[in-house]
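Chain lettering (A, B, C, D, E and F) follows the sequence in which the chains are written, and residue indices restart at 1 in each chain.
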Amino acid sequence: MMTRPDILVVNPNSNAVVTAGFDAALAPLRFSDGPAIRCVTLEDGPYGVETQADVESVSLPLRRLVEREQGAGAFVIACYSDPGLHVCREGTKAPVFGICEAGLLTALARGDRFGVIAIGEGTMARHQRYVRQMGLYERFAGERPLKMSVAESAAGENTLARMIEVGRDLMRLDRCDVIVMGCAGMSRHRRPLEEALGVPVVDPVLAAVTMAIGAVQAAGA
Amino acid sequence: MMTRPDILVVNPNSNAVVTAGFDAALAPLRFSDGPAIRCVTLEDGPYGVETQADVESVSLPLRRLVEREQGAGAFVIACYSDPGLHVCREGTKAPVFGICEAGLLTALARGDRFGVIAIGEGTMARHQRYVRQMGLYERFAGERPLKMSVAESAAGENTLARMIEVGRDLMRLDRCDVIVMGCAGMSRHRRPLEEALGVPVVDPVLAAVTMAIGAVQAAGA
Amino acid sequence: MMTRPDILVVNPNSNAVVTAGFDAALAPLRFSDGPAIRCVTLEDGPYGVETQADVESVSLPLRRLVEREQGAGAFVIACYSDPGLHVCREGTKAPVFGICEAGLLTALARGDRFGVIAIGEGTMARHQRYVRQMGLYERFAGERPLKMSVAESAAGENTLARMIEVGRDLMRLDRCDVIVMGCAGMSRHRRPLEEALGVPVVDPVLAAVTMAIGAVQAAGA
Amino acid sequence: MMTRPDILVVNPNSNAVVTAGFDAALAPLRFSDGPAIRCVTLEDGPYGVETQADVESVSLPLRRLVEREQGAGAFVIACYSDPGLHVCREGTKAPVFGICEAGLLTALARGDRFGVIAIGEGTMARHQRYVRQMGLYERFAGERPLKMSVAESAAGENTLARMIEVGRDLMRLDRCDVIVMGCAGMSRHRRPLEEALGVPVVDPVLAAVTMAIGAVQAAGA
Amino acid sequence: MMTRPDILVVNPNSNAVVTAGFDAALAPLRFSDGPAIRCVTLEDGPYGVETQADVESVSLPLRRLVEREQGAGAFVIACYSDPGLHVCREGTKAPVFGICEAGLLTALARGDRFGVIAIGEGTMARHQRYVRQMGLYERFAGERPLKMSVAESAAGENTLARMIEVGRDLMRLDRCDVIVMGCAGMSRHRRPLEEALGVPVVDPVLAAVTMAIGAVQAAGA
Amino acid sequence: MMTRPDILVVNPNSNAVVTAGFDAALAPLRFSDGPAIRCVTLEDGPYGVETQADVESVSLPLRRLVEREQGAGAFVIACYSDPGLHVCREGTKAPVFGICEAGLLTALARGDRFGVIAIGEGTMARHQRYVRQMGLYERFAGERPLKMSVAESAAGENTLARMIEVGRDLMRLDRCDVIVMGCAGMSRHRRPLEEALGVPVVDPVLAAVTMAIGAVQAAGA
């Protein structure tokens, strides 16, 4: 393999604080002789992806970005609604990972029933449909919201405390034994949350970039 | 993080050719500043894991190995029957990955319905039970055997040709759009098989080691 | 109820022949004192909705149309991929029906296992994901393509003969006992196809408009 | 089409108040040039269908009625246990709809998870078996009883208040987002219940008659 | 417990040859100090239970028989359509077993995927609905008909040869590894069929009477 | 049939009190001219099977026992984790029953949704995986622990009172209508528990031995 492959991680919303957050959190997956991991913010994305209209509004811009970046070895769509996942896959031969899909699949290797910490309530019906679409419903314990906006959860002081509270509800009431953080902007809370809860906590951005590393390295082998 | 974490990949059978095969195939996942990936052969394992008795015979030896190696950051059990997976998980706080579980979960991020190329016919009922246990049955297209022994498939000249034939049956008759190689000893065939079939082909050893890298790097973050 | 409610049936592709076809086929659901049924062609839609990019390209235009037409009593999205269904639902208090969803649900009241006659092969993975998303997989017998374009199937002389052939395969090989026509442009073939096959054949456009009539009439009661 | 088709809606219990109730509620589905909708009470039916013996006692009388009325374009069995549904289907070429089946299928086009307001507790195990039989279990949020008899619920002053209370439990505790009224005698409460709960409420009698209209009009096209 | 409990095995059809057949086949379950096993033919039952009308026609007569025989320790309904199973359960505190239900459940302890040898084609949709109702669909390999009447299959010379042929199709094409005989009148073929096929063959009448013995003996303990 | 067949019931743990307990409880299944039922304690088994390591530690000893006892007509593994079930099946042509599998299957003939009374909390994830493996998840209401050790539950005075309490929670909170006792050492509580709860209570040891009787008697027919 001549050149280092490239993994492009796209934040579909225009909140650069979120991009910067997971960019920093991805440091442990940046190896000197491993794939380059480039994090970019989608131009013209909404400030947060909350409604279905937000989801739809970024799918074709993501597709165009994927088409422009044909040199990339793999793509990661870093929004828990996996917007545009299938339309991006249609537009490139490179593998495309969605952080929700990759996060849930990774969780299934760490526990028996997964629980999801969502940001708000508005996305839960959409996530549930998606769990059924992926055929993973028998392993789904439940999803509970922080009842915060993406911006609040990324910035707020109380976010970790609230995540611990919601995580405990998911464990006790929904009987999950592994937690998935249902947002791209929660990376820095993964480790303290895992320590507080005592069960594995999966950061979906790390999960997806990990899968992307495996895919590009296998392809180049 | 002071020291490089360690991923221990255990071949539960005593066929060192198989171990050497995947050890070589893991080269693309060895990064100079990434986790060390050590491949070992289980002492006293059977020459191949084919029967249920073979599976059972290695579960406690694997557990003991895991207990002896408490310094490892993660473990990978490199046999497609995932022998001892849950008993090993019980014996350590480090994450333990089975190549079947990790291979199937990774396949679900690459296609809609997965097909499995098995070695022999004797393992198919066991694999099918396991797919149900994992709750992944709705995405399971089918499993078809090479009708070879593990040793033959690892060594034989005709293995690739036969894998292509079986892969085409899985695509055409069972309508899969992603293939999982159902053995730890097929790594060197992944790339030519993928090129011949035109759909993603997942090597479960690479899939599991990839997940292990993600887990140890996240833990150390 | 003062005014006659209005059902807006939108063809998301720009092929006015398809719109005219189902407009005519909806005659039996136009009652003098029932809801008005208006069929419109989405401006700027692609000529046919075949790829995932086609699907994505019409979702926001459909949403905008729904928002503009707030007086409508119900909406029907007349494309078998149900593009924009959830984003349109988010944009109005009026019920929104997708012809695929309504067609499959209606078929479940007419037989035990449904088979789908698709136009081409490219849409089958998408349809299958969608059947899982709807939680209807246990009743899904299979989907088989005509291997025609939307335009060919709408216009062609041989379409009916080919539909009968595919329908027979669905009955014999996939053991379905009810057929859903997987396209908005097949309405005129429903009756002869049903006569030839001897099992119920569901036109999804009629199914969705029927549900829309029920919803608007109940709302006005 | 020469003659107006006829939809025969049969109340399998002998409580003519229930028949009169849904007869009135069906007014919005009676179009001057649409199918005639005739509501009849099964002679010799039990006063209410509550036990399994009640269900069985009406299946053959319903079959005989269907055989006598071969001119009807479609039949609706207006009891939430769908008694005799399959035996009636066997006895006629006309489509036969059960209000439970049609009500649940219609609900699936209006929300993601359906909840059912039952009359009493005795019917819940039967309904649950039936949801599994229909293959709709993944979308089933729950069923909760009013703890009233059919007669009480049809006549009583407090029925609506109790329905609102039970509906709120279904939404809050079982997380449904669409409600199905689990009885043929609740039609007049649909609209105020929907207004109180803020989610779609499906009257299964209207749902089934709507499907019947679609079927007879398509057949005559 | 003073008196020997009584298991009443009811043939819902009026074909006494069928009753005599399973009465003889039950000899190995008649122990000198075990429950009495009485086989009776339902008066007024149809000559064979083939149509849904046949099924419905015996449910209330079975219920009345159960109510008359309140001294029985357990009941077995010896028809593969399990007619009247739930209405009989409602009418007695004694356990009531259906041979289809008991046969399938017993098969699940003998193999991974069950196949069913049916008599005719007309009952297959009913059986499939019932498998879903029982929640056993993931273990259901398939059902294939002998294309004989009940009478033919009970009497005919060629029945065994045809059963072997159908059993082989179920094994090879549907990949079952345990067979259930889908009729009360096939008992005498169980052993030669099992020898010919090399997989367990379950006689549902024996399966149900076995469960009944367990239940009455436990109750008396 | 010349000789009385033999059913060997093996307690995989070395607690002879448990063996003696179910040996006594099996009295009602010992018929003078029926199969001999021999209860044995596995030499070298752990004192109780609680952890996954306990489960694994007995699978090969059970296999060896099965191989030594080739004259037995059937085997029952009398531990609710069904240790070694599939490896024992591989080692003999005689049928092998696990008490968990047989207990759950038997429960499905006595109620619609089963609840399980477990001993401790540590086994619940294992049991849940197993329910999925068996494909019975749609009928699984829940499992709740006594929070006792196997030894305590077998000996303790308070066991019955605690079982009633847990059983009531399973009925009220998880809506089960049949209970399975999740341990081989609870046999003597079956009858009073059933009387207290008013729903069928299944002793899995009796259930498995019952199935074994049916199998050996059919084989000898």
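Note that contacts are C-beta pairs under 8 Å (C-beta built on N, C-alpha and C of every residue); 3 or more make two chains touch, one makes a residue touch a chain.
Since we're looking at a predicted model, the values are computed, not measured.
*Asks:* So using the touch definition from the top, which pair is joined by more C-beta contacts, A-D or A-B?
*Replies:* A-B
*Asks:* Among B-C, B-E or C-D, whose interface repeats E-F's (more than half the contact pairs identical)?
*Replies:* C-D
*Asks:* Taking the mean of the C-alpha atoms as each chain's centre, how many Å separate chain C from chain E?
*Replies:* Here the centre of chain E sits 43 Å away from the centre of chain C.
*Asks:* Measure off the straight-line distance from the CA centroid of chain C to the CA centroid of chain F, and report it in whole Å.
*Replies:* 52
*Asks:* Any chance you could list the residues of chain D touching two or more other chains?
*Replies:* Counting only residues that touch two or more other chains, chain D contributes 129, 132, 134-135, 137-138.
*Asks:* Which chain pairs here would you call touching?
*Replies:* The set of touching chain pairs is A-B, A-C, A-D, A-F, B-C, B-E, B-F, C-D, C-E, D-E, D-F, E-F.
*Asks:* Which residues of chain B touch chain E in the complex?
*Replies:* Contact set of chain B toward chain E: 125, 128-129, 132, 137.
*Asks:* Flag every residue of chain F that touches chain D in the complex, lowest number first.
*Replies:* Interface residues on chain F, with respect to chain D: 112-113, 138, 177.
*Asks:* Show which residues of chain F lie in contact with chain E when the two form their complex.
*Replies:* 1, 25, 27-29, 31-34, 95, 97, 101-102, 105-106, 108-110, 134-139, 190-191, 200, 203, 206-207, 209-211, 213-215, 217-221
*Asks:* Which residues of chain F touch chain B in their complex?
*Replies:* 51-53, 55-57, 59-60, 63, 84, 86-87, 89-91, 126, 129-130, 132-135, 137
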